[in-house]
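Should a chain be cited, it is by its letter among A, B, C and D, assigned in written order, with residues numbered from 1 in that chain.
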Amino acid sequence: MRANYNQIAGQSVERLTALSDGVFAVAMTLLVLDLRTPAETAIHGERDLWNAIVLLAPRILVYLMSFLTLGIFWVGQQTQLNHFAHCDRHITGIHLIFLFCISLMPFSTSLMAAFISYRLALLIYWANIFILGATLFAGWRYAMHAQLVKKELSADFAAAIEQRIIVAQTLYAVGALLCLVSTYWSIGFILLVQVNYAIAPRSGPLSRL
Amino acid sequence: MRANYNQIAGQSVERLTALSDGVFAVAMTLLVLDLRTPAETAIHGERDLWNAIVLLAPRILVYLMSFLTLGIFWVGQQTQLNHFAHCDRHITGIHLIFLFCISLMPFSTSLMAAFISYRLALLIYWANIFILGATLFAGWRYAMHAQLVKKELSADFAAAIEQRIIVAQTLYAVGALLCLVSTYWSIGFILLVQVNYAIAPRSGPLSRL
Amino acid sequence: MRANYNQIAGQSVERLTALSDGVFAVAMTLLVLDLRTPAETAIHGERDLWNAIVLLAPRILVYLMSFLTLGIFWVGQQTQLNHFAHCDRHITGIHLIFLFCISLMPFSTSLMAAFISYRLALLIYWANIFILGATLFAGWRYAMHAQLVKKELSADFAAAIEQRIIVAQTLYAVGALLCLVSTYWSIGFILLVQVNYAIAPRSGPLSRL
Amino acid sequence: MRANYNQIAGQSVERLTALSDGVFAVAMTLLVLDLRTPAETAIHGERDLWNAIVLLAPRILVYLMSFLTLGIFWVGQQTQLNHFAHCDRHITGIHLIFLFCISLMPFSTSLMAAFISYRLALLIYWANIFILGATLFAGWRYAMHAQLVKKELSADFAAAIEQRIIVAQTLYAVGALLCLVSTYWSIGFILLVQVNYAIAPRSGPLSRL
């Protein structure tokens, strides 16, 4: 019986990790690429430049939110990958789709930055975050099922990973729903969630979200 | 007799792997860079934005196809590199040409996305995939011939790698030929092949392609 | 008691290092992306091309300055990360914010390159450098406080890291103040500081800055 | 006596290698970013698209030449770094300047691609290659002088590295001089040199260049 390519391909956790770090690094740095300097012809003095910069300020908040979002998903993916004993091609496939959605984030972000008061832009942004969470969840479930994770992993640990995704996605969904009031409320709420996850309090009710 | 630079240069498999991961990560993330937000002046309400996004939808499928293509070739190259005991400058040269063709993928992809009904755009896209397969095949043959691969590698394994490239390239060629009917048939067929390779069934006839 | 996700996430120094290297590499290479070739329609001979290139020359100095700035902060961050025994999510959060500010450098740089005689452009550039120093300082203080650094680290070493940030930031602030005379003085002064830090003398008063 | 920051900073060969791989990967992939798809409004049929692609063909040769150039310098730098026992801040500074010049290559390349018959564009391209060789040479000399290289390195090996840089730079200078005849001769000659270095013959006179 011949060797089956599918049994020997895509087994390196290390390689998947390196590719993921690369895709995240590029996506994070490209976010801001959209932040263009004002046209030189439109600026005739320090005051004009000041006004142009002030107009860019809300965009920078949006970029910060997306950067933190990417950072949080990077932590989430790495936490999973760090506990994989090995890979197979299915988990590689799932993570490739996850990375594809990561590569869409600069687009979703610049769409929301350009159309900050449009609900559709906000919902597309949220849909992007939702798919990221869903693929990460599916990847973890598959990895548990296919016994790709390290043997010493406790059931508690595995449950904590699933729970975190569910809690976070619930909060994002609440944020998205707030666009019924105003997209600014949505953005403010999601930004607060991200700041909480990135630099969270060490104790109190939020520390266990 | 003096030391020969060519005998000491380009011998690190690890370095070639790291460079390759980097080129893949950048190319994968740049694919979507072409996905521009609609001009703000053309959008006067949620409905306009919805229409603009709907127009972008087929492009996203093309990007997904290219992302999966890059992912599959990344798996293919890494499967080879993981089994190299060492490198020499010829294999480094072959893989540099492979990486050059990887860096052309965002161009081929955006050409096809822009001219989705043109056979020429589809054939250029296919030619890009074909050269990728050909350099990977040549690299493997050279590595076997120059005994760069690890000693414990079975002949079965080596044959499986060659066979996979040949089967995949045959399927891509069939996809390209379908452009005689319509370029949409070609794209649909190639997309199905890629989805099969990325997240393939675990058993049944397709599992051994 | 359930496992707490926050205690298991973001603990790999190696991953944070890899992501940081990636963000720095992309930001460094994107700096120059703004350096556009002259429009072909405006060039009718070697002389026109020469004039167009001469006009780009001051920009190249600005890019070199920013490249060295990124390089110096890369050395500064790596010097810290190399001495971390492990990470926690707070230090990961602080470094994500640091990396966000790194990703803003191509924007600050291209703003200053386009508006080289505007004080506001210079002050924004300086503010970017200041936040980088401040987050790096905060990260180090937190790491010492939370005992993330390796045990064998001497108090001298820890003090040297803090002192370097303070001295460098003082010099940058002096450079920024020089814009009261002229922004060119500021740029010249900061460029000298960066060249000193990048390829500093091995002895003499400057060697201990 | 206080610890001197300069003695503890920038000592990791591994980190410098990772940053370099990243800068090279981004620069290599950005080269081709300049290769734009034809404007959709100008294309009315397969024939128009064919003509537009034919016009792009010489550019692709220029990109291939630059990709190989970057690949060859990557091999050259890695060959040096692989034999470093440790780094100091001066060698890090020299390599940062080397990487800055690498990040200029996409600009030099796109300048030459746009003004392929202009001697000035060719000379700027050559100057970029020359500075790369000069910094690599200076870095090696400094590393030997400061005893950063591994102890087991033979004098033969060290001489081979210097000799390679000198021979290659002589060939590039000959190529640049050929622009007195025609820039196309220069490009053709340099392309042949690069192909020789990338996939060189295993014996015969060229194998020892």
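Heads up, the rule we're going with is that contacts are C-beta pairs under 8 Å (C-beta built on N, C-alpha and C of every residue); 3 or more make two chains touch, one makes a residue touch a chain.
Being a predicted model, the structure only gives us computed values, none of them experimental.
Of all chains, the one whose mean C-alpha position sits at the greatest distance from that of subunit A is D. At the interface between subunit C and subunit D, two copies of one sequence, fewer than half of the residue numbers in use are shared by both copies.
Mean C-alpha positions place subunit A and subunit C at a centre distance of 25 Å. Measuring from the averaged C-alpha position of subunit A to that of subunit D gives a distance of 35 Å. Among the residues of subunit A, those in touch with two or more other chains are 18, 21-22, 25-26, 30. Across the complex, subunit B is touched by residues 2-6, 8-12, 15, 18-19, 21-23, 25-27, 30, 89-90, 92-94, 96-97, 99-100, 103-104, 106-107, 110-111, 114-115, 118-121, 124 of subunit A.
Those residues of subunit D whose C-beta lies close enough to touch subunit B in the complex are 17-18, 21-22, 24-26, 28-33, 35, 37, 40, 43, 46, 49-50, 53, 60, 63-64, 67-68, 71, 74-76, 78-79, 82, 154, 156-157, 159-161, 163-164, 198-200, 202, 207-208.
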